[in-house]
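Across the two complexes that follow, chain A remains constant while its partner is chain B and subsequently chain C.
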Partner chain A sequence: MADHGATLAEFPIEGERVEVSKFSRIILIAAIIGGIGIVVSLAIFLFGGDSQVRKSFSYSWLFACFYFFTIAAGGLFWVLLHHASNSGWGIAVRRIMEHLANMLPFTFLLLMPILLLKTPREALYEWMHLLSIGEVDALLAAKAPYLTLGFFFVRILFYAFALSGIAYLLRRWSLQQDRTGDVRPTFLARRFSCGFIPVFAISVTFIAVDLLMCLDYTWFSTMWGVYIFAGSALSSMAVIILTVTALRSRGYLGKVVSMQHYHTMGKLMFAFTVFWAYIAFSQLFLYWYAKITEETKFYILRNTEGWHFVSLFLVFGHFLVPFAFLLRQRAKKDVRQICAAAVWVLFVHMIDIYWIVMPERGPSITKGELLTIPGALFLDVIAIVTVTAAMVFLYLRSMGKYSIYPARDPRLHESVRLIN
Partner chain B sequence: MAEASTSDTARPVIARESLVLNERPMSWVTNRICGIVENRQPFLWWVLFVPCVMLMGVLGYCLAYLVATGVGVWGNNHPVGWGWAITNFVFWIGIGHAGTLISAILFLTRQKWRTSVNRAAEAMTLFAVICAGIFPAIHVGRFWMVWFLAPVPNANGIWQNFKSPLLWDVFAVSTYFTVSVIFWYVGLIPDLATLRDRAKRGIRKAAYGFFALGWRGGNRQWRHYEMAYLLLAALSTPLVLSVHSVVSFDFATSIVPGWHTTIFPPYFVAGAIFGGFAMVLTLMIPARKIYGLQDLITPKHIDNMAKIILLTGTIVGYAYIMELFISWYGGNKYEQAAFANRTGGYYSWAYVCMFTCNVIVPQLFWFRYCRHNLWIVMAVCMCVNAGMWFERFVIIVTSIAQDFLPGAWDFYHPSWVEIWTFVGTFGLFLGLFLLFIRFFPVIAMSEIKGVLPKSDPHYLPPGTFTHDAEGREIDNDGEQ
Partner chain C sequence: MRDAGFKRWDVHSPFPIHGLDSAMGLSKSSLSWFVFIGGATGTLTAFLLQFITQVVIYPTYVQDKPASITTLPAFFPVMFELTVLFAAFTALFGSMILNRLPRWNHPLFVSEQFTRFSDDAFFLCIEARDPQFSKEETKALLKKMGGTNIELIEDEI
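Up next is the complex of A and B:
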């Protein structure tokens, strides 16, 4: 345990620099897969014409990109929370959160093909299609000030610059402290993080509205932003746990991160498992109970045929199983068990995003004739594999540039001596 | 800057602020807190207590008058079947949230600053829930039939509607109250034993001795106690969330425009914590002054609570804005009309009060000066107390006064009975709190001793020297 043994003298002032070459094999494989995947994906996007494949692939791409957006946004949430609450426990892992948050610009970059190209965009968002062909119904007309193409792009630009900018600034201040050992960046980050939190909350809420809720422009829920946020914080904590473990297995962070940190991170993952369930249940329950047609349509679609089993899987897989598993202290203090839980959480979160996006695809593209598009699963696999490979490549490469923990943070001593 | 930072630029260290000021020893903590119970109460205590008793009398009279006459003495009318009674119920239940939040959730998240305020906040929780419980019990009209709320087998074979959120509310609130009482009492045991050991006379010693359950403070007792406390904290945490979520279901499961929205559960919980913390500060800021507890409830504590008020107030603001946005975006005419009525109709003054008090005024807490000026803190907390009452009034009354059928619209005015019943509950609440101060240790002595520097196994008394991480000799103040 680091709590009694560790003293600051054991940690070099320049911190620990990760040699990316130790991950060279993974990086190489990710680069190859990601490269091929991006070429294939771009080929579909650019030369797919008006085909069903191109339209279906737009959904696959949105699913894959939004999945990684939630993880990166969660990373930013943890950095913000850490600064704003003046926490000490997580200094040892904060740089990893910062790296994760700095994946945000890339997720926006990857989203570009489906937002900029007309056919994919209109395949996803029916309201854009209706606007472009001039068939505006009363409901869409009522929403016109919000659902217009110009304002949509202004908003997307705002989210991209606001979130990426916050992530960039917070890591920049932290790195500045690495170089100078000055305490001021700590105060600066704390002060600004408090102000950034509302910007973060608004951005995450409305990007969830714009990219996911508007897949069906007639449906709405006030809880939607909170729902997406809950899954986002949960899955990013899982990535942080897995990253720490990967680094430790290659000889880094050995003295800085102890089982106490794993325990804390496990508790946070547990807490957000419950929080996600609370939000998901409340939303479902209130719509189910009131039984108003325009509200229940979201769930009716997802309880039709095969989607019903996916919905049921989420109840067990996203809540009951991780809840029961993580309830035990042992599961949070044993590296293998907590990593297994983290992998599971990432998997079920992927299913959650899939469950949000995909039921809209069949009815939208086939004008209500088919619930699912035959063979589209193959496209989904291409999209998720490509984006995962690209993200892993970028994420691991970002690890090597700076010390893997903020070595001159004024609260490092608190973090290495953490006792739960 | 509040924190002390060392001049070592190679590796700076920011020290945490002390939770107990002036390096008070453990004996001072015991004497100061036990002294409140053991000594005569200051004159001010009586100045406050006597009006509270009188207000309790008013409450008793109003309740008796209501039961003797019928609910017709209230201002309820046809569309507005829920007026002040349910507004007040939700208001008090909300206040009753901060205690268990401070005790349970802050305990689980290892927030040591909770120790100075958790006891009083828990007590406040219980008294607020008692005040809340009065309203659903009496609003049924035939008070003697209130036992029908409980699923007891009876001769007529009449059962409750288990599909009704109102019934879940009965279960949720009574479970919350029961667990809160147990949690509060378990936390009290070591301190009651301290009072027992210091008591000289018969009745006092016997009473504290009885309730201390034979506490001796042995190692084994502490081990069991701490495990029990942790388990109770873990049990209470979901209850904090569940109670107000279920209260929100009372509204949100219906199809009444303005009530039926998915964000209600977390929004109600955030609002309850918001209102609860404001009430904790409203009570504790005067109490720390009257009983000289400034070294225990420090500016740091008040600063932290002010920040929580800012955070939860802003979350509440987020919910208000989401409600407005989705009511417009959803395109449902009835929802749009409900919010148009709320913001621009006859009750718009209440909406303005609510929004100003709950969202705009707490933004003052962005400034450190405002969090450290007790007059401003008190003023903001008073606004929050009022604002949270208005929130419930706005939700309940404006939504049903003008619902689907314009021909059935009507206005609601509270009668004098409703007004004085509500005022009376303040007498009950404050009176019980004053009695609590009189008979129980207002701050958890055993817990606050646990966060003193001396409790740290690595603590070194002043004047002794040790070595720092780099091997340099330092004294225990961190000076080289």
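Up next is the complex of A and C:
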């Protein structure tokens, strides 16, 4: 039966609290790995001197942090979209999105070492190095009003405060409703979300430009922000699906989330798989096929030697495989299949970010002598494991503080009885 | 009705009711398969149309690059468009064929009270073709289930 007949009386007014102790083993392991990793990483950053390891590790760190930034930003996107479109289906899972969005301040905190320390920063962003030694070429001179160190930091501060602030406010209102049962936070969140969406869009677009596109200041793409956003919304939906499943397997959300929610979330994941491919292809089509010398640079580098296979892998792994797999309705309604798809999506999104960041590393650090730096893969593994552990630790801990669904949202019942 | 084993019956309501299809015990429509085949046909048509004309029959050079299987991405936009077009047409015409549309008249239109189906009334219709149908017993069953205004509609032909 589609209608499992839940009534409002079945939902306690205080909602469900997650006992964090049920996840204590994962949290403990994550804390240990993350702690060791952060100590090692900080040691490399602080005492690395002018070594190649320190410079290479900056790229690894950017890759790992930006990966989690996209996921957290995607969480914020889903909350914003949910409020702005006044939708009812996802209220049962909205608190999870809110928790995910509130990982944003931590991702900015983790980004600090590579932005504040001079050597890592200049290893990543050549234009900063060129500015500091005063070798300004024509392309850099043309972009001078935008690419200055002062303005760069102002922008980063803006993104950090705007995005974290929005995430914080939306969860705050939602929690306020948990306590008072007042309907006003619902209206407040709806009204402000419409205004927050442009702020979010501008922040995500320009942080993608500043942190990833400017790894090579001579290249540009007008589709860059949308491309990053597409992967961001996709991977965060995968995280939401996995979180819901993890909580359900521990006995939470049982009455609140049904197969119908999985179906809806699966449809959104499917939609963003297609959207990512659409944007990725359009970018390739505009920049590679236009055959303008300075525009094709990005793709030439990524079609050289081994990177060519990574590019091809993205075509199949990031689009064709999940597309074909998620096309069937059954795949979206079966917990095991949808979770497998979500894990796969997270993996290929990681490869996507890796493919964006890493091809720049070898040519940048060795001044064009080497395509890749030998042994640097090991540093990448350290970075991604460290940041993953830190994020898992913080994310799971945030789960336990409040009810796991907005228990007194006026439309919770509508969401629980979702049928699509 | 579903539990009584009827097969050829339908319900009419002035607004869509979510979950009605599973309450009626309907299985998933086969339309999605038709749409998939239609879409795949579109992809293939577009690919062959471009590949045969630009590679096989009349080798074309665009910006000094010969069109070949490695320039496949250049064919994608047309492949995408035709996939959507063919899939959409299959969805439209497929659903019309599966619903046996268009038809000019339906026996139910004879009923005076049936005109209220788009206003404020809910109807349940059991066709005489159903193997379980019998004039008296079905009427009794409907009455037992709480039906009002039970009416026997006979086709004019």
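Keep in mind that, in the parts below, the second predicted complex is superposed on the first by the 416 of 420 C-alpha atoms of A that agree within 3 Å, B and C clash if a C-alpha of one lies under 4 Å from a C-alpha of the other, contacts with A are read in each partner's own complex, and residues count from 1 in each chain.
Keep in mind that, in the parts below, a residue touches a chain if its C-beta (ideal position, glycine included) is under 8 Å from a C-beta of that chain, and two chains touch if they have at least 3 such contacts.
The model shown is predicted, which means the values in this text are computed figures rather than measured ones.
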Partner chain in contact with A:D182 - chain B first, chain C second, else both or neither: first
Partner chain in contact with A:S21 - chain B first, chain C second, else both or neither: neither
Residue contacts on chain A - larger count, chain B or chain C: B
Touched partner set for A:L286, first chain B, second chain C, both or neither: first
Chain B versus chain C as contact partner of A:Q329, first or second or both or neither: second
Doubly contacted chain A residues - partners chain C and chain B: 285, 289, 420
Interface residues, chain A side, partner chain C - complex: 1-3, 281, 284-285, 288-289, 291, 327, 329, 419-420
Chain B residues within the chain A interface of the complex: 1, 5, 9-14, 16, 108, 110, 238, 241, 245, 249, 252-255, 260-266, 314, 318-319, 322-323, 326, 329-332, 366, 469-471
For the chain A and chain B complex, residues of the former touching the latter: 7-10, 13, 88, 139, 142-143, 146, 180-183, 186-187, 194, 198, 201, 205, 218, 220-226, 267, 274, 278-279, 282-283, 285-287, 289-290, 292, 294, 408, 410-414, 420
Interfacial residue positions of chain C with respect to chain A in the complex: 18-19, 22-23, 28, 32, 36, 63, 73-74, 76-77
